[in-house]
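Have a look at these structures, which come just after this line.
Here come two complexes built around subunit A, the first alongside subunit B, the second alongside subunit C.
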Partner chain A sequence: MPEFTVKVYVRRKEGVLDPEGNTIAGAIASIGYKGISSVRTGKIFIIRLEAPSADSARKDMEKVADKLLSNPIIEDYTVTVEQV
Partner chain B sequence: MKAAVVVFPGSNCDRDCYWASHNIAGIDTVFLWHKERYIPPVDLVILPGGFSYGDYLRAGAIARVSPIMGAIRDFAASGGLVLGICNGFQILTESGLLPGVLVRNKSLSFLCQYVYIRVERNDTPFTRGYNVGDVLRLPIAHNEGNFFAPPDMLDEIERKKLVLFRYCDSNGNITEESNPNGSMNSIAGIINENGNILGMMPHPERASELILGSRDGLGIFESLKEGYA
Partner chain C sequence: MPEFTVKVYVRRKEGVLDPEGNTIAGAIASIGYKGISSVRTGKIFIIRLEAPSADSARKDMEKVADKLLSNPIIEDYTVTVEQV
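Let's look at the complex of A and B:
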């Protein structure tokens, strides 16, 4: 079976407070970079797996993102798939 | 009454909960390892505080998929009493057994301090020994205790009167200054609609005898016991 690298990007939904992002925005300004309007933080999960097709790898990992990697109350995610 | 305290890898309030429940309140209590798939015949399951699975992914997110959680879901569905304290509350929201989610404290700091909370209802098995409006002094110790729910969910929580405890000042007033972690509507603890599952961030087990500095939390264990006397 072909092998794939699936990347799951999990981030806070729009409108959900991101105090860590706000603090980082302040820190970026403090090292001299102006004009930062916002920073949103998140996580990337890089998953390697064997699957019959890219489509099936994506569908499975979307379920994993729904059930475990994200909390749908506060987070959104996007998934990308690349064949290894 | 019989109780079981669930032990996850990383739980660190399991023995405190056992002590408060068994030795102080006099509830016949046992430990229950998270890999068990069955719950012994008990009336109450306690999910203790700590850092189950190192808080990896999100606080409570990995514990949610522990083998014991399936049994706890069935136990709760059949009316069994479940008390989740601190990390236990986070596990209950991650499991969907309680609404909302506990996110990082607004201050981004770990908070370890005494707080005051106000009892909002005493028609529950957890609070029957208190009066509505009673102010309890209990410790908190958490990094993710900031209760969040989307507007519709928050409205529903308030409409159905699921809030059991709110952070307050020493006189019972709900103020911004008395809200330690930024929780919406100063929520410190909520129950489910059926009234058999409670999640709370403050630690009643750490305030269950005078030598600990407060015994305001003992009433929760006593309320539970009284209901089965």
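Let's look at the complex of A and C:
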């Protein structure tokens, strides 16, 4: 079966507070970089898998993103698929 | 000054163990998705800032990625810049 690399990007929805991002924004300013208006944080999951097709890999990993990798109440995700 | 969105992707270098990724790979298999060969985890930082140019935003945020956002011993980062 062909092998794919699926990348799942998970980030907080617009409007959801990001205290880690705010702390980092303060830290960046404190080492001398001005002009930062916001920092938002997120996660990446890079999944290598065998699947019958890119479409099937995407559908399966979208379900995984929804069930395991994100909290759909406060987070959005995007999924990209590349054949290896 | 123009405003930019800088995205910093931080991930473990090849060969560095990723216990969180291994746990997730096991969890994905346990809910019925077979064929996973590996899961690697990483972080994204989405930084909004004002800067004189895209080049200056990139250079500054590369230094920030190196000093604050990553551990260069075990992690690699990539930086992308888009004008808002």
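Note that the second predicted complex is superposed on the first by the 84 of 84 C-alpha atoms of A that agree within 3 Å, B and C clash if a C-alpha of one lies under 4 Å from a C-alpha of the other, contacts with A are read in each partner's own complex, and residues count from 1 in each chain.
Going forward, contacts are C-beta pairs under 8 Å (C-beta built on N, C-alpha and C of every residue); 3 or more make two chains touch, one makes a residue touch a chain.
Note that this is a predicted model, so its numbers are computed, not measured.
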Which of subunit B and subunit C A:I73 touches, first, second, both or neither: first
Touching partner for A:R11 - first (subunit B), second (subunit C), both, neither: second
Contacts of A:T41 with subunit B and subunit C, given as first, second, both or neither: second
First (subunit B), second (subunit C), both or neither touched by A:Y33: second
Which partner, subunit B or subunit C, touches more subunit A residues: C
Touched partner set for A:T23, first subunit B, second subunit C, both or neither: first
Partner chain in contact with A:E50 - subunit B first, subunit C second, else both or neither: second
Subunit B versus subunit C as contact partner of A:E3, first or second or both or neither: second
Common ground on subunit A, meaning residues reached by subunit C in one complex and by subunit B in the other: 68-69
Residue ranges of subunit C touching subunit A (in the complex, touch as defined): 1, 3, 9, 11, 21, 24-25, 27-28, 31, 33, 35-51, 60, 63-64, 67-69
Contacting residues of subunit B [partner subunit A, same complex]: 57-58, 61, 65, 94, 100-101, 103-104, 106-108, 148-150, 153, 182
Subunit B-touching residues of subunit A, taken from the complex the two chains share: 16-17, 19-20, 23, 68-69, 71, 73-74
